[in-house]
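Shared chain: chain A. Partners: chain B in the first complex, chain C in the second.
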Partner chain A sequence: MSDTLTSKLNPLSLPLRQQLGLLALALLGLTPFWMGFLYAGDQGLLHIRTITIAMFIGMFAMSWDSVSGYTGQISFGHAVFFAIGGYGSALLNLGWGVPPVAAVALGTVLAAVAGLLIGVPALRLEGPYLSLVTLVAPLILLQIFIFRSDVFGGELGISNPDPLVSTSGFAQETYVFFYVAFALFVAILAVLLAVTRSDAGSVLTAIREDEDAVAASGLNPAKFKTFAFVLSASVGGLAGAVFVHTPMASPTPSQLLAQTVSIEVIIAAVLGGMGTIVGAALGGMFLSVFRSQLSNVGLTVPGLDVSVGDLDLVIFAVVTLIILFALPGGVLRWGLVAGRKLIGADSAAADGGRTPVEQTLEKFREFFRGGRDD
Partner chain B sequence: MALPLTDVVANAVMMSALYALVAIGFTLIFGVGGVLNLAHGATVTIGAFSAYYVSEVFGYSIWVGALAALLVPALFSAALYRGMIRRVEDDPITVMILTLVTAIAVEEIIKTVFGTQPAVISSLLTGQVSIAGGIQANNLLVFGLSWVIIGLLFFAINYTKTGKAILATSMSTKGASLVGIESDRMYLYTWVLAGAFAGLAGLFLGSIQTASWSMGRSPLVLSFSIVVLGGIGSIRGSVIGAYIIGFLETFTMSYVDSSLSGLASLVVLVLILLAKPEGLFGREFTE
Partner chain C sequence: MVNEGSQNNDGRCSGNEPEGDRNIVSDVRANADRRTFLKGTGAVGLAASAGCLGGSSSGDAPSGTFTVGVLTSHTGTENPIGNSIARSAELAAEELNADGGVLGNDVEVSVKTTNEQPQRGKTKYEELTVSEDVDFTTGVFTSEVLLNIMDSIASQQKVHMTAGAATPEASTMLTEDYEQYKYWFRTGPVNAHFLGANMVDFAEANFSDMGWDSVYVLTEDYTWTEPVDEVLRNQLADAGVEVAGMKRYAGETSDFSTIYDQVEASGADAAFVAMAHSGSTAIVQYAKQQRPFAFGGIHVPMQLPSYWSLVNGACAYGITQNTATPESEITEKTVPYAEAYNEKVGKYPVYTGYIAYDAVKQYAAAAESADSRNPDDIVSELESSSFTGTAGTLRYYGQDEEYPHDIVYDETGENGVNPLWLQWKPNEDGDGGSQTAIYPDNLASGSYESPPWV
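Take a look at the complex of A and B:
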């Protein structure tokens, strides 16, 4: 076997697109350095914080993509997992004094259990019914949070738990938590890439294409779907748990549980490229950074007295719809194909050239046609 | 508990009629066109605020406002279908994202135009009626009107030519088009009907309670439960579902805790989906 692990991981022997990806990751890792050159003082620090938050949104988007983008089971309420991870970890830390690292671990376990609880029964449901259950799950959780405001703080959320690492001073805090987020980002990216590029990942993709065919070849689709759901929930829960232990976020419904969080994640993944992980990460980061920049724009829409910043979600939705029509594979896939054409390395696609969005839509279409046209 | 049972039952009977009004529109669109319209709640809000705008800002009678609450949401609904949904109606994900985003946009616009303070819509009738220990005449009227409208719809769907064509489309698009029914127009009818119903429900809700930018959310969420419980596409199922959910909701809020609104019905929704996804009166989706 000449194709050993070391040669596979040697950056020099990788294809160009992966080398570019590594370069981008390295650039991201060096953000505090080049940001320091571009902006002086606190301005630079604030931008570093923006990127830190963006990495968390990227992780949320990757979490969604690993189940919905690969198996085609669209979840409209992924925020439920971020919230269970975040709130669970924060409450363990505040209520029982569990040290942050252990609380994060336990919060992740809680989210994984929630993934199992929602994922296993949801497997019995198809298409829009699954979406309805996932749409309703965060609403139920929010309702419980409001009902037991004494524990969960209702709409306002609970106070910040202990930070993951104790720091002194604004600058140190910014740098330390940037690297906490970066380390987690790289870890989650690596795990999800490894899983989705493995044989199990191929099975997940096959489920999106044709579940019956997967079952016919002797593999149990339910097992793989459950696995994807639990993996996605734990990743989302982990990101949510670490997020609340940074000074950039606190366990509040608007940051972890609101419907807009679930939708943002979907928009981000579709924007970047559904079923690519990398695309979802890019989409999430882009969306987050762009939103925070948009809120700084002082422009108002004439006649309505609404600032452009308030309409950010609407603007993104419109952009997403255009992308759904124009580049159904997302920006990343389009970039890859364009890049291949540019360097003349274009080859035939083995999957019939259909994008995950098209495949998923086809699945839904069959479901509806089946009901209507018999 | 402090609340007398008759009051709670009277309230539940009336609110359930309103929920039925909202749910029927939701189920018409889903049952006939196969579209999950998540902007249905926003249509409720539009209805309430059209009436508010016409009657409170322009100073016309509330009955003119009621006309606005009927027409504006119907137009909005038709425009939503013609302008956006028709192009993507085969892609449920796009439809869900699109309608959800439309709902957010409508809420945001209403929030910025009318503010976050609850708006008071004047009553359609004033005074009290001495049934069951005294009920406000307005509430009784709302209840009566809701049932008249539901009855008219029943009649229209089952006995008029257009109504039968809508039914046929909901059963089989292909079969309906073979006998010369334009499914596209039937879809448009369901959207207009659903819009008008939701708008009226919005006006009624606004005149019983108050109108606010987020008032459409809880009827929408209740509609999920009602429609799934009653069986998707079944009007009879929606009315019965609305009464089950309406009573459940009112009793939970009156006797358990008012902050639990919506929770009981959501739990019912999840249980029904898992145990009997086709609902009480629904047709099962065939392969």
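Take a look at the complex of A and C:
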């Protein structure tokens, strides 16, 4: 047993793709150092902050992927959990003086409870009901925030709570919160990979592929879906809670609750590779960094008299659409397949080659057609 | 003038918080100073070990070229609010350079767009202050972006002079922690509380002559109108105006017929409004239906000098509050600035342009007067200065007043700024229309005319 564990933990005995993943993670962790060689002065600090924010977007995308990417139950409003975690933690800290670490923990619990409240009834329904419920949930929450703007600050949001770690000066602040984000990123990645690669993860994947078959085998799909949903809500709430305790974010609707946040997270996960966790993390980080870089492009779009930087969201969306058309399985899957071909280790897909996106779309089609053809 | 008629990602408006009873949002800001005692207790070694990058130069007085950092919403020519901020700051810099620069240094302007997104606004603010090490910053159109960079302003300790966002929350932060936030000033517009106060002052001075004895208050349901609503609710009746009704309507309203039915049924002489996003829909439908009541108040779209052609004259006889019109001689600088801007851009500026231009010029004057580029020296200088800008006399409320570092609102216009009111009137030759200043009296180029169908 211990031999097995030792061999699993030994990087040299891991498959090549996992070795490359660890190498990428190590490079990410060393960002402050290699950024120093690439950029002189304070420019490097700003890039480190960009990557810090990107890691949080990656965490949000992983949170979404752990439920929607695996079960095929698309959540259109995952921002609701980021907001509950973030706002909950901020209000506890600011209103009641709860220390940041405890506030983050309580904010995470609040998000988990919200996951239970929304997920249990919605997930027991078939078809796209979860999508419809989650589509409406953040809209309701936003209206509550606006209606009770005395508590939630309305569209302006609330002020920044205490930082998770106290720092002195811009440079120190940048380094410290980079590693706060990195530690959380690695922890969430590890937990979600462990869960989705476990037997429970296999059941979740099976639910996406054929929920009826899972039920027929004596397993309760609703139980597994609820578990995934609450786990996902907790992870999203945790990331949202920590995010607002960094100097890079504030508890505001546009950063945590707006519909665009939910949509961007879906795009990120699908772009990176739905149902892979790692792909979602990569997609989230790419989305954030790519948009940030686009915003610095000063070129003017001919005929529109608008700079490329002003159109970052539009350009990002167009590029995303092109990538999705070209690589419907996501960039990570494409990379793995291309890599296998390169080293001559190509293998056939066990599921007939359908991507999670195609499987999920098929489920939605079945629902709107009024059931299966067979 | 007025608030930020802006649209956020989620399709809603950035607005302003009520300045009245302090709520949890405000109360919690008092906790911000708890951070200070924690400083220095965490992860110093980590930062030191990773200290291959230089730290920021926060608090140090820059040297060499005098650089102005501008945060604007969008800069496309079709976005007059953002474009006015950017081009006006550049115009001010050009004029300063032609006059020998500031403290013997050339002036440069660096413009960054926020796209009205708080996260992006913060990143761009850091690029300006950390990477580019600008002397000071101005602009910021939306309140949401402004509040998101307040902590960064405190951290970077560089003077910021807001030109656009109207939330009173920003000055409230100074009330609670002056030392931390003292680098923030609002050059304009007057904050959302005073936007309402100015409506009351206008009503008191003019309504009886205008025949507006009774008004129906219509405000769009965005946060920025909350302080306006509160002031109107509490003070309009005291000004001798009969309030026939008050309604906050959904900002997404596309059919005003029912609302206008209510105004009509109330017998009000006029709809007294506060509108930004929904303003064009409201005025076009009002004009088409030729309702038997007059229309005006704070109507952001009507402030645009080119608005008549944009709505095919639907704004005829409407009135709105504004910072200035291109022809209004608020000070000796107003018209020359508007003409210079028109020459540079090919259009006249909107209210944010006057304010951004004033901010750059006032900051430069303060640096010259203090003979220093040190932010603390500039803060002291600005606090005590009285500067003649294009929008009026620029003075700031003091540390112990209700809205520290907010531009002083003064109904006389002698010791602060006083918004002017204009009416859109058809040209005599029947070709188009123009903005006619109607109040205050010393700036009025005409008097109010009731719509012919009323």
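Quick note on the criterion: the second predicted complex is superposed on the first by the 353 of 374 C-alpha atoms of A that agree within 3 Å, B and C clash if a C-alpha of one lies under 4 Å from a C-alpha of the other, contacts with A are read in each partner's own complex, and residues count from 1 in each chain.
Heads up, the rule we're going with is that a residue touches a chain if its C-beta (ideal position, glycine included) is under 8 Å from a C-beta of that chain, and two chains touch if they have at least 3 such contacts.
Predicted model only: the values in this text are computed from it and were never measured.
Of the two partner chains, chain C is the only one that A:L91 touches; chain B does not reach it. After overlaying the two complexes on the shared chain, residue contacts for A:T260 are found with chain B and with chain C alike.
Using the contact criterion defined above for the overlaid structures, shared-chain residue A:I144 touches chain B, although it does not reach chain C. Contacts of A:F76 after superposition: chain B is touched, whereas chain C is not reached.
Once chain A of one complex is fitted onto chain A of the other, the partner contacts of A:T360 are limited to chain B, with no touch recorded for chain C. In the superposed three-chain model, the partner touching more residues of chain A is C, compared with the other of chain B and chain C.
By the touch criterion defined above, A:P121 reaches chain B but does not reach chain C.
In the superposition on chain A, the residues of chain A contacting both chain B and chain C are 146, 149, 259-260, 304-306, 310, 313.
Residues of chain A that touch chain C in their complex: 32-33, 35-37, 39, 41-46, 48-50, 53, 91, 93-95, 97, 142, 146, 149-163, 165-173, 175-176, 179, 247-250, 252-255, 257-261, 292, 295-296, 304-307, 309-310, 312-313. Across the interface of their complex, chain B is touched by residues 74, 76, 121, 124-129, 131-133, 135-136, 139-140, 143-144, 146-147, 149, 259-260, 263, 266-267, 304-306, 310-311, 313-314, 317, 320-321, 324, 360-361, 364-365, 367-368, 370-374 of chain A. If you check the complex, the residues on chain B that touch chain A are 34, 36, 90-94, 96-98, 100-101, 104-105, 108-109, 112-113, 172-174, 221, 224, 228, 257, 259-263, 266-267, 269-270, 273-274, 277, 285-287. On chain C, the positions that touch chain A within their shared complex are 8-10, 12-17, 23-25, 27-29, 31-32, 34-35, 38-44, 46-47, 50-58, 74-78, 113, 115, 117-120, 122-124, 126-127, 130-131, 133, 143-144, 147-148, 150-152, 155-156, 167, 169, 173, 222-223, 226.
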